[in-house]
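First chain A sits with chain B, and in the next complex the same chain sits with chain C.
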Partner chain A sequence: MIAGRWEQLQSKSFLESNARERAIGLADSGTFTELAGPRHRISSPHLPLMGEAVEFDDGIVTGVGLMGNKPLFIASQEGRFIGGSVGEVHGAKLVNIVRMARNSHDRMLAANPALPEEKRPAVVISFETGGVRLHEANAGLLAHAELMDQFQDCQGKVPIIALIGSKVGCFGGMGFAAAAADTIIMSQFGRLGLTGPEVIEEEMGKDEFDASDRALVYRTTGGRHKYIMGDCNLLVADSIAAFRDALRGVLAKPHAEISAMRRIGSLEKVLHQLRLVALCVKLAPRDSRDVWKYAGNGSPDELADMDFDTFLKTAERLVIDDREG
Partner chain B sequence: MAKQLHELNLEFKAENPAKFPSDFLHYGVVGSGDMEAIMEKKELGGAVTVKVVTPVTGYDEVWRRVLERFVNDTGIADASIEINDNNSTPVVVSLRLRQALAEIAGGGA
Partner chain C sequence: MENLTGQGRAAIDMVVDPGSFREGKVSALSITDEEFGPGAVIGTATLDGTECTIIANDAMAANPGFPVVYAGIIGLEEAYKMAQAVYHSILADRGKPLPEKRAIILIVDTPGNGPGKQEEIFGMNKATGAYQMALAEARKAGHPIVALVVGRAISGGFLCHGMQADHILALSPKFNTLIHVMPITSIARITKLDIEWLQELAKNNPVFAPGPDFFHKLGGVEELINSNEEMRGRVIVHLAEIRAKKMAGRDEELGPWGRGALGAERGGRVARSRVIKVMNDEFEKVAERYL
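== the complex of A and B ==
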């Protein structure tokens, strides 16, 4: 709206930014247009019946923007509203922005089969969520399934880039969804997993996992660990500009190269994951540091604490030999 | 009995009305102990309508006082305000509404 605002957002901490700031800041200056935003007042129809507070955007910002010549279809989750959880409206907005990207892709290619890749649409999702919103769990679960369907249909057409660097992290069913994206970009403050730390502790006890041990939580679910394990493709500094630069770098690659960054989606990818599981069974690590050490990091204790730039220069990432049986 | 969200509809008229400087404004996140507001220009003969949706009951008089003070202090007129609240304290309500207005003045997105 006012000149200078977008520039201010660029240097802002990604961790500290709300969903709308991330969405606006990731696209080129002045290009983000929100769809189904607060103005439309599409809030949850279920929460009022339970006496729970509602939000005009149901905890997610969706819209379109540009990165150079490339149309970006952006979704950005707001962790401060019920933990960024996926309810019916939230889920529908998320699913439909991906659907819109694919429909746009199909229409653009039908009109111009020679459309260069740099002008073809991409999906960017800034995850901040614990997964299904338990208050409207059936609708939330269905949205997860629909989203996975959309991701599948986008394969080979529209790249899907996951960004994880917000307070709540990316957990629950949305952890699966992020893992099914083409590329995952994280900051060291991002956390990615299926069952969240608190839930593990509640189910298995404090001896199994102490959710109040921040260092443990971060070296198990945090960006540094995910980077070493190959669960995320890129690890970036904690600013909107850093995420945006990494995003631009990824989207500048040929689509085939972006697809090659996936974790799943082909027989080879699945076999790779199974070899990783087999390795972990063989190693029987007591702590993520055991795996870091196996990956070639001589002093794993220092990895968690060293400053970010040194970490990026120093850390050895886990290499799985795909030639083995 | 299932409890429902509480809805409050109020109307005020500023003692020294000023022009509302924006067609549409959205500010805030409905976090725990926090709220969001939409402020929209609306021809109301100088009045301001406020709709509050909140899980909290029994504080209607506090809402009225906080909002009345906001309207009088800022001179906001001919505007419709809608608030989604999740257990904000009166201080937070007051602060968020002023921050929302400051967004217009200071250059919000």
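== the complex of A and C ==
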């Protein structure tokens, strides 16, 4: 790597960075090794049949790096290649990096059962994807199921941290995957959901949801909304350094504390989510602002537009008491 | 031959012991509110005399609280209701030996997840993710899980209700069973590829074309079933096979990972295993620096 390149990456906008820059910049300087990278020229065997161009990384950078003494297994999706979509090769790389982390964990613990947590592996995924790649839809869908399977194997062993702050956001089946991570870190430019805005408009009509209304789209799936809802744990500034600092902060915690940041993954979490669903029925929100107001934000209109630091200081997050009702 | 699309409840009766299905009950869980997640049918039945958990879609029900949740769509309440049924199955058999872990049978007929505004505001992705994690946990805890596709198994709906099973069975295409991410017309619109050409390509390209037989070729479905009468018998056979593998410690041959190997074996997904091998080999060369 060119000297000074890593330092330059740190101040770079996460939103503007490509997948490889994010992967390199998140790990400690000079520690990232790409696995199944472009030099292997493993591209989609299916795209040429459709007359589409290929990339030698199939739109995802996978590899291993360090953060202090901790091995990081990193996957970083590239939205500029067919929307970061998951095909057979892309999916296999993503699934296998998670599996590799868990296998490494088991291997290290077998060799040294007293291995301190600071040396145990973690998975970091920088999501930028709309989910399944339609050109190889069936293979992409199957890869999604494999990823959730690997995530479950990691529960209680290997923390999985999701980072969302890139242009495409994180949608479709990959929205499930991100939700199943231990910790979600977003910037205000990140978007997370299941159904994309155009499909909601198609289902509900333009009066209910206008997909061309950018502010509405951000209010519904953007980082600020997810932060208020508790659907992301941390909201950070838009730089690789800010994401890296937040990641380091999370990974310094004991694993039990990281697991406690989960939204789903146990009966207790499901019962908590059901209280939120009951609130959804009660409020029948026409807009995210209805929920922001319920959470204690007196002037929800201002929340979307105020500058980022003021937002962090001002925003009230939704709290539901599990002992109620 | 009867088409079972929209007939999730009838399909339950065709599989389990006659009259044995108790809806809403899974061990300590009892759901009596008929307006709560009505599109998801959960309960306990016996199959060949042994208790099992049933989770199915009811395409005739509509959720009064969520306008986009009807016709078998899995909404927020439906997904969490299904997840509860799974977690209570795990709790009920905690500490029991493998032969006594109750089976979970998924009857699949869903067009997808709730595609609405309220769903996005409160996080539909969490609900379906929660159900998938519950099923994966149950599978790894030793519960044999079979999914039986009797109608529609579409995209995210199939991902959460079906694809985490140990084995997936589907009625063959002559029953109009649908397994896909999107119809060809939608794929053409979004990818901007020529529809006639795509339709031609779809005749023999399993990797993108809709259809249970293509999923079979990719290893995404273990077996296609050719008559309604065979469903019950095949579920019983597969459950026994799954249980035997779990008892032999061959879990890796089951579930999504097992279907990966099946895809290579059937020739539908060969790039996957090649990539995994390259990554693993390359990692071994540098592992010492990291572990």
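Everything below uses one rule, namely that the second predicted complex is superposed on the first by the 322 of 325 C-alpha atoms of A that agree within 3 Å, B and C clash if a C-alpha of one lies under 4 Å from a C-alpha of the other, contacts with A are read in each partner's own complex, and residues count from 1 in each chain.
Simple rule for what comes next: a residue touches a chain if its C-beta (ideal position, glycine included) is under 8 Å from a C-beta of that chain, and two chains touch if they have at least 3 such contacts.
All of these numbers come straight from a predicted model, not from anything done at the bench.
Chain B and chain C, once both complexes are superposed via chain A, fit side by side.
Shared-chain residue A:Arg244: touches no atom of chain B or chain C. Once the two complexes are laid over each other on the shared chain, residue contacts for A:Thr221 go to chain C alone; chain B is not touched.
After the superposition on chain A, the angle chain B-chain A-chain C between C-alpha centres rounds to 100°, nearest 10.
Counted by residues of chain A touched, the larger count belongs to C, out of chain B and chain C. By the touch criterion defined above, A:Pro38 reaches chain B but does not reach chain C.
When the shared chain is aligned, chain C comes close enough to touch A:Pro285, but chain B does not. Of the two partner chains, chain B is the only one touched by A:Ala53; chain C is not. In the superposition on chain A, A:Phe81 makes contact with chain B only, not with chain C.
Once the two complexes are laid over each other on the shared chain, residue contacts for A:Leu267 go to chain C alone; chain B is not touched. For the overlaid pair of complexes, the smallest distance between C-alpha atoms of chain B and those of chain C rounds to 6 Å.
According to the touch criterion, the shared surface of chain A, contacted by chain B in one complex and chain C in the other, consists of residues 49-51. Across the interface of their complex, chain A is touched by residues 65-68, 76-77, 80, 83-84, 87-88, 91, 113-130, 132-134, 136-137, 140, 155-156, 158-160, 163-164, 180-182, 187, 190-191, 193, 201, 205-209, 214-215, 218-220, 255-257, 259-260, 263, 269, 271-276, 278-280, 282-283, 286-287, 289-291 of chain C.
By the touch criterion stated above, chain A contacts chain C in their complex at residues 33, 35-36, 40, 42, 44-46, 49-51, 62, 64-66, 71, 88-89, 91-93, 96-97, 100, 104, 107-108, 121, 132, 134-146, 148-153, 155, 172-173, 175-180, 192-195, 199-200, 203-204, 208-209, 220-221, 225, 229, 231, 263-267, 269-271, 273-274, 276-277, 279-281, 284-288, 291.
Chain A contributes residues 1-6, 9, 18-21, 24, 37-39, 41, 43, 47-56, 78, 80-81 to its touches with chain B in the complex.
Across the complex, chain A is touched by residues 2-5, 24, 26, 29-32, 34, 36, 38, 53-55, 82, 84-87, 106-109 of chain B.
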